[in-house]
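In the two assemblies presented below, subunit A is common to both, partnered first by subunit B and then by subunit C.
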Partner chain A sequence: MKSYIRNVFLCAGLLGAVASAAMIHGVSIARAAEEKTAPSIAIDNFSFTPKELTVAAGTTITWVNRDDVPHTVVSTDKKFKSKALDTDDQFSFTFTDTGTYNYFCSVHPIMVGKIIVK
Partner chain B sequence: MGNIIKENLNSDGIDRRGFLKCMAWAGTGTLCVMQGGVLKSFAFGHGSNLDKAAMQGDFAFAQISDSHIGFNKAANPDVTATLREAIAKLNALPQSPEFVLHTGDLTQLSKADEFDTLDQSLKSVHTGRIYYVPGEHDVLNDNGAQFRERYGKDAQGDGWYSFDHKGVHFVGLVNVMNLKAGGLGSLGNDQLQWLKNDVRHLKHSTPIVVFAHIPLWSVYPQWGWGTDDSEQALSYLKKFGSVSVLNGHIHQVMQKVEGHVTFHTAMSTAFPQPAPGQAASPGPMKVPDDKLRSVLGITDINFVRGKHTLAVVDSPLSGG
Partner chain C sequence: MKGFLGTPASFGADLNLIVQVVMGLALIAGALLARAKRYAAHGVCMTTVLFLNLVPIGVVMWPSFEQLVLPRLATHLQKRYYMVAAIHGVLGAAAELLGLLILLVAGTNILPETWRFSRWKLWMRVELALWMSALLSGIGIYVVWYTALWRQ
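Our next item is the complex of A and B:
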């Protein structure tokens, strides 16, 4: 009996999930496509990888710190600035305007990178 | 005895072969005795061969560095324990240091509880006073406001200061603030100007000890191990017969003599870092657990008045 009830709830849950997926069909597709291409930059071994990245305007880029030491992501002309990112911490920024964005780690300034927005 | 400088010195005081021999990587603590700008170096592990008389001085002070309280990764999951071991080693010295210099990276992430843990641990040090300069890990997110509130209330600018002790002029510099993209450590114009004025009226015979976090000499710029405007700072110190520069940051012992200036970096109390270029990056280096304590330590420094002698001993937490 218990098992039957659980299955009913499970089915209802699944149906609900399908229904809500259908309702936001357009959005889901768009988001999935974005996630596929959403660029991320690894901070690893005291360097940004890739060091240089070209994206379309409107793209959100996420940096992830893979090092055992804190790093930051700071635009040289103060367009964006992360807090200190500990291991596995992330920072995201959406580039709405075209242009070239140089950035560096303000803790270890020898670490530099560049984003080109077209 | 293998590391003693035996070469004849040039008139500029630089002894290249001796300098190379004197460069000691993590785990090979070195005793250096400076006499009138001439550095003598002894491998610390050969303790039985040390000339104890050479270590006698008017006063002793110690340097500890790079405690990184809050770090908990594989290279050392318990940095508070190894700091406490360093303190125990300090307290066991035959001569208590009259003061201690901490050359930065007290914490890993500039967090209040990390500073609290450090302060609590350092309360047990048998010494008169502890002087601090910040590392880049101590000024995250707040441009060093918390650091200065705790340790630099009497300091100038971003936290630099000087003091005199028994005829020796000590200068604490800050080279981890306002760093420029693509650059190294930086002192900045305000601090340089202050330094110039600070030492202007001192007699040339005054021994100078400068301490800062990032090396004030070009150790390995590819890894950021140097300070962009250190040459200008050192130009203000050229007139002095004895200048000793003490740094942290690179978590290993390195020494260099240039004219009357002796450069020295200290071990970390937390974790070792690789020798320049010997790894993909300068990040924390994992060594076998039974080797960790041999690459961490303290530096014990004796000053001999009148002879301009500074004797530096790097003491690993184990062995030696």
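Our next item is the complex of A and C:
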């Protein structure tokens, strides 16, 4: 009887482990697909992450402010300019032309980033 | 353009901070001139600062207020970031306006008789106190916005 109960627990444990592995795998696949279609840049702790991003022409990039103070996303060459983004606000821009786009935050000019469009 | 005080602030914000502190000291010096009964020098000193301050208000503070604070003032007032800016905006605007009113009353005949007041000394003291509280709350903005000292 004791070993029967132990086997049931073992089986349940194994099933659970397999199920979790499958779920984690599925989520990571979904994540990867998401990243391919809509790259996003997080604004957090007074910096852009990733700081540098290379994308194909025609890609739309979204910046999301995860910080608790407002930030902006402003192109050095005046190609794009967001309004002030508060916590969880977003800004998107579609890069149709190839080239290098340097940008910064106008409230905190030490915050800089770069988009390379190939 | 990057600032020069070692915080994430812009050049404009850093310069504004320095200029405001210097102008605050100039106003205290101007008040001492009045105490020493050097009224002409007092008038020139106060008037100069009052008008000079329209430049940083127009170039740094109002644009910043309009872009960063106004759009979210109603909904985000509980955040220290907006609260300190709202208090400062009110104090700063009051200080600048009362200053201009005192100048019109004390230095010109432009305003109608009913608008004038005679207890200049009292009003000027109120104005100096108001200005100093605007200055202190402005320094408060700088600390909350650009340093980790008092962040929520």
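Note that the second predicted complex is superposed on the first by the 82 of 118 C-alpha atoms of A that agree within 3 Å, B and C clash if a C-alpha of one lies under 4 Å from a C-alpha of the other, contacts with A are read in each partner's own complex, and residues count from 1 in each chain.
In this section, a contact is a pair of C-beta atoms (placed from the backbone, for glycine too) under 8 Å apart; a residue touches a chain by one contact, two chains touch by 3 or more.
Everything numeric in this text was worked out from a predicted model, so none of it was measured.
Under the clash rule set out above, the superposition-derived model of subunit A with subunit B and subunit C contains a clash between the two partners.
With both structures placed on the common chain, the touch criterion links A:110 to subunit B and to subunit C. In the superposed pair of complexes, A:84 makes contact with subunit B and with subunit C alike.
Once the two structures are superposed, subunit B and subunit C can be ranked by residues of subunit A touched, with B on top. In the superposed pair of complexes, A:57 makes contact with neither subunit B nor subunit C.
Of the two partner chains, subunit B is the only one that A:45 touches; subunit C does not reach it. Once the two complexes are overlaid on the shared chain, A:67 sits against subunit B while remaining clear of subunit C. Contacts of A:102 after superposition on the shared chain: subunit B is touched, whereas subunit C is not.
By the touch criterion stated above, A:76 is placed in contact with subunit B alone, subunit C being left untouched.
After superposition on chain A, the stretch of subunit B whose C-alpha atoms clash with subunit C is 224-232, while the remaining options among 8-16, 44-52, 188-196 or 224-232 stay clear. When the two complexes are superposed on chain A, the residues of subunit A that touch both subunit B and subunit C are 46, 68-70, 83-84, 86, 106-110. Per the touch definition, subunit A reaches subunit C in the complex via residues 46, 68-70, 83-84, 86, 106-111. Those residues of subunit B whose C-beta lies close enough to touch subunit A in the complex are 71, 73-75, 108-110, 136-137, 140-141, 179-184, 221-224, 280-284.
Those residues of subunit C lying in contact with subunit A across their complex are 1-3, 8-11, 67-68, 71-72, 76, 79, 81, 145-146, 151-152. Only residues 45-47, 67-70, 72, 74, 76, 83-84, 86-87, 102-104, 106-110, 112 of subunit A touch subunit B when the two sit together in their complex.
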